[in-house]
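Chain IDs A, B, C and D follow the sequence of writing; residue 1 opens each chain.
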């Protein structure tokens, strides 16, 4: 029982990452009708926003420490970040420590910029092209983006720790009456889950309660009619793309402490997030969120050793297996609309 | 000739000549010259050109004709390879049972996957095929290790049973052969500074490719091929014309899977080793890239695309900064460094970047792939020769372009 | 006994009753029109006839055989062809190829794996398709891309494709919708010619009364999912019930 | 025309120059039937450096390449000579190999066996490489080793840690300097027992592929022999990036040690996750919870950041070793590139030198002669103390380092501290225990 609850909580957390990425992907698909294979790359760029801010904050000048030596036996050069000089060592260290949450502020404009540039520069010209072309050109873009990141940041993962205040875990099980140490939950994952919930809620609220959102929703339902009403839907779609990029990017920023960012994390997530979106039903926002959590939780259950003892290797294939079963029983995924992406 | 019309016969003959003379054509630069780096006329790469050509031709039968975008085609290549290597371990190092078994097993696997996946269309179909391929990869890498060799894959070992072969000579290693003719054996010919290699394996693969190509042309021009294009064009009309689209697409899927199996079997015949990465989704993506890059739905496009990508993978990736410096050594020092710095990100380990950029450019500007590029150039030349004399050259053809 | 017998057909979509107790009999070698205001259930009825929808209850018999539960392609093979509201043709194929496909379907059935023989060797098919094109006055357009045809030609092609299968029942779903007057008249003439020259039954769903009264020998008026009246065109014209339910508003 | 198994570009590199000068192209056959594949006949010899340049191990590949370039420089008499000065064998003169200038070609393995073999084949067939070396994973090493066996060239493995490379998949033409899973287990267990006690309950997370299996087995066997209990061993998919669902149940199981049989990105992520779960702050069975990483790599440790502090693991070599060989190597590498070399760089540099030395001693590039010179070769001064290239399986036997994540690193390179140098006697095993057949050396041609 406690083991199941534990995996359920884990799944919620995994699922929130899937849901966030799938949400952005669906926003783009639903509004613009574009299948964006570069979405994983946006997630990756988001994570690298955290890395970049960390690098900026730790920009340093060298101070030679005569008392110690480096690996060649020369006097050790110690890097002293400029923020130490500006804010003093204690505040400076705190700022660096909090670089991941700070990166949210940094990432929002960057990601919106990247998203708008992508839409204006490339995606816009593909609205009327076949889906296959869209998939292919964005796939090419994804390769280019990740290679650029690799060129500047290398191939190895880059540690991007959460603030010290959030390391460690709390004993959730003990709070609800289980034995101590049965259900522990890391603080940062709780943060991530809440963060995801807030973002998902914000996106839904935005679409539900603002005029802008209403127009976009109408556009998702029937693009031509909205266009006929004389509403400049294109401009709104550009903004939507920026927003979707920001959602993906923020998901990436906050994910950085969980998985040290590397250049191919976007591709790692791409396939998975597409499976999530399709299982949810192309173009359905609630479907994307639902499928994200569902697959996250099922994946967690499948990784239990009790399960693996019965079905070895289930953890390797669970996501795909679920996708196949759902697609065969529900032709358009959990909440997909008819006629979307079936041609 | 061969039951083909004049245009197709011409194409087949051109392709045949090109493949037979590939050892010359692909080695245009003399040995030891600075440009020799760009020579591609060595056995392994030539084999890969034709084998991946087969793979792409097969993929194009499905994608180019029916429009169904399979994102898991590498699984059939992988399954074919595993079947082939097991033939080599159990039966004989002769490549024929290996290749035949590769085709059969891949075809059966495609039948199962296709039967299930083709219940859906569009992106749902793509995701289903992707899911099957990813499952195959994940299982082959891990729990199926006893059958697949896992991460390290399978190679023929000295101690394998090989019931049809006689015992190996002391100290000999098992070598893939065709009735005693070893795949890796080559004849070399030196003409002046040039060296040309004629490799047995390459010619066997090339002949198989020509047969596969010929069959693909036949298929394209057959009633079946027309039906597949009808599936792509309008399934609704198809249904209301008394035709069941499903067996047509399934047949195309299985044929295409058998082509992949053939390619997989040949890969093993040329290079007796299989690893699970062959089935990873990026490998499936690669054949999509090849087909689109060359021109989906055209006959020769996929072969060109396969060649272009394999060339980049094998030639571009081997250029390192030292070689660049040698090339530009004639420039003044500062300029040399600048030029090398500018080019360096795109070659060697940056070859993926070049691939991505070229691919994007093709999709943006040449939706019909390299073939369309070729046609445009040809049209431009024709246009200069006889302005406007053949206005109806495009748009009214009854058959897909080659 | 008609060639098509619809008995007690009901169809609900959730709470909405689309068809209730529909009875319809179409006599062989007649032109039978089904008319009715928007939402009367005309399209639902048509979809039940061709296998796209399955009625909740009731029976649909074609020439003594039930069509229920059969896939559209099977129903087509039984001898029912359908012309769509917007012409459904193979846009990526040439006009000639468009015409050949139904000929293949007629000859080889719903599936035939002939991946090796060339199209050029199919003399009978080529002949038949060419013949049909000539009959449709489209022989000069044989090499054109079907997608580049005019709306009227697309309609002609679609009708020709259906006829090449020699169906016993031809179903037309608003065949002149969205057409210019001249095209409409051409289509009327074509259909008239077909019904006169061929051994064929035509069922037509139509809004345009001009088309209906130029062609139909029998008319069924559908209102709110149920047949109001079935009669000859003359009587329909004079029927006050119809006038009230339908013609009054739109004529 | 002559019939050969693979081309011998080496022959032509020189004769081509003469041929090119002829006004009328003459067709003639390569008469000088070579004794072995790619026999170098000119004034230079080509080596093939096949390393991952793209994919997740690209940084390790880049470091390997730096080491090879340095080795070539030293072999050709450039630079300060590095470990050539401390190497116990003095056959190398700094005038290339057997007087031939060393040239090299590079290729990208992409960490895929297919791509690695394609790249190696092009080096052999096109560039005339007489030896292939490099790589950063066992799958690739086994695949390329088998290829070299077929083609008749020597393969000097780069970073490959699975027992299989010199175990069940060993080949007569392949040689490995790097240590393996078995040695990691044998070296680690006593240190773990000494630090954490003999009464421990271990929970293994194992990467679900060959290397993971052999590593888990090695660590299990050696720790269980010292009294540890293995509570559970769970396999994790290679493509996993978030290990939370594998780590969360660890505490529940009653285990008090977590062994992460992961490498590369897997290791970085699983370790980061484990630390995030606060496992190391917990107490189980009255003992402090501990984490162990059997195979450490400094490059990877960097990815895990501060999370490695205090965590035990093993490594093939570390730049902070005090011996003269290490010092010399670190000095010349560090001077050239500005940072210390990784263990991948070290093993590659050593392999290149060992190959060159074996050729000098054998007096021939013939793979069989080189193999003979390497088999049973004992040497010192290469950073790992006295080392033996065992003839029975072509595996190097040398001391193994047990290391620990450093608490107060002075730089981003200074992440590990050496806890103990496990003597070679403790990690030696019988050559037959992993099965496999070395076979006979194949000179090609």
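Operating definition for what follows: contacts are C-beta pairs under 8 Å (C-beta built on N, C-alpha and C of every residue); 3 or more make two chains touch, one makes a residue touch a chain.
If you're wondering where the values come from, they're calculated on a predicted model, not measured in any experiment.
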{"item": "Selected pair, greater C-beta contact count between A-B and A-D", "value": "A-D"}
{"item": "Furthest chain, CA centroid comparison against chain C", "value": "D"}
{"item": "Separation of mean Cα positions, chain B and chain A [Å, integer]", "value": "35"}
{"item": "Distance from chain C to chain A - Cα centre to Cα centre, in angstrom", "value": "52"}
{"item": "Separation of chain C from chain D, taking each centre as the mean of its C-alpha atoms, in whole Å", "value": "73"}
{"item": "Multi-partner residues of chain A (at least 2 other chains)", "value": "312-313, 316"}
{"item": "Interface hub residues of chain D, defined as touching at least two other chains", "value": "54, 58, 62, 208, 235, 237, 239"}
{"item": "Chain pairs that touch, as defined at the top of this document", "value": "A-B, A-D, B-C, B-D"}
{"item": "Chain B residues within the chain A interface of the complex", "value": "67, 69, 116, 119-124, 127-128, 130-132, 134-135, 138-139, 141-144, 281-282, 285, 288-289, 292, 345, 350, 352-353, 355-357, 359-360, 363-364, 367"}
{"item": "Interface residues, chain A side, partner chain D - complex", "value": "2-3, 6-7, 9-11, 13-14, 17, 68, 70-72, 76, 78, 150, 154-162, 167-169, 181-184, 186, 188-189, 257-260, 262, 264-265, 268-269, 299-300, 303-305, 308, 312-313, 315-316"}
{"item": "Of chain D, residues touching chain B in the complex", "value": "1-9, 12-13, 15-17, 19-20, 22, 25-30, 53-54, 58, 61-62, 105-108, 112-115, 117-119, 121-122, 125-126, 137-139, 142-143, 146-147, 149-151, 162, 164, 169, 208-211, 213, 235, 237-239, 437, 439-440, 442"}
{"item": "Touching residues (chain side chain D, partner chain A) in the complex", "value": "54-60, 62, 208, 232, 234-237, 239, 241-242, 244-246, 248-249, 251-252, 265, 268-269, 272-273, 275-278, 281-282, 284, 299-300, 302-307, 319-320, 330-331, 334-335, 339-340, 410-411, 413-414"}
{"item": "Chain B residues within the chain C interface of the complex", "value": "3-5, 215, 218-219, 221-227, 229-230, 232-234, 236-244, 247-248, 251, 255, 395-398"}
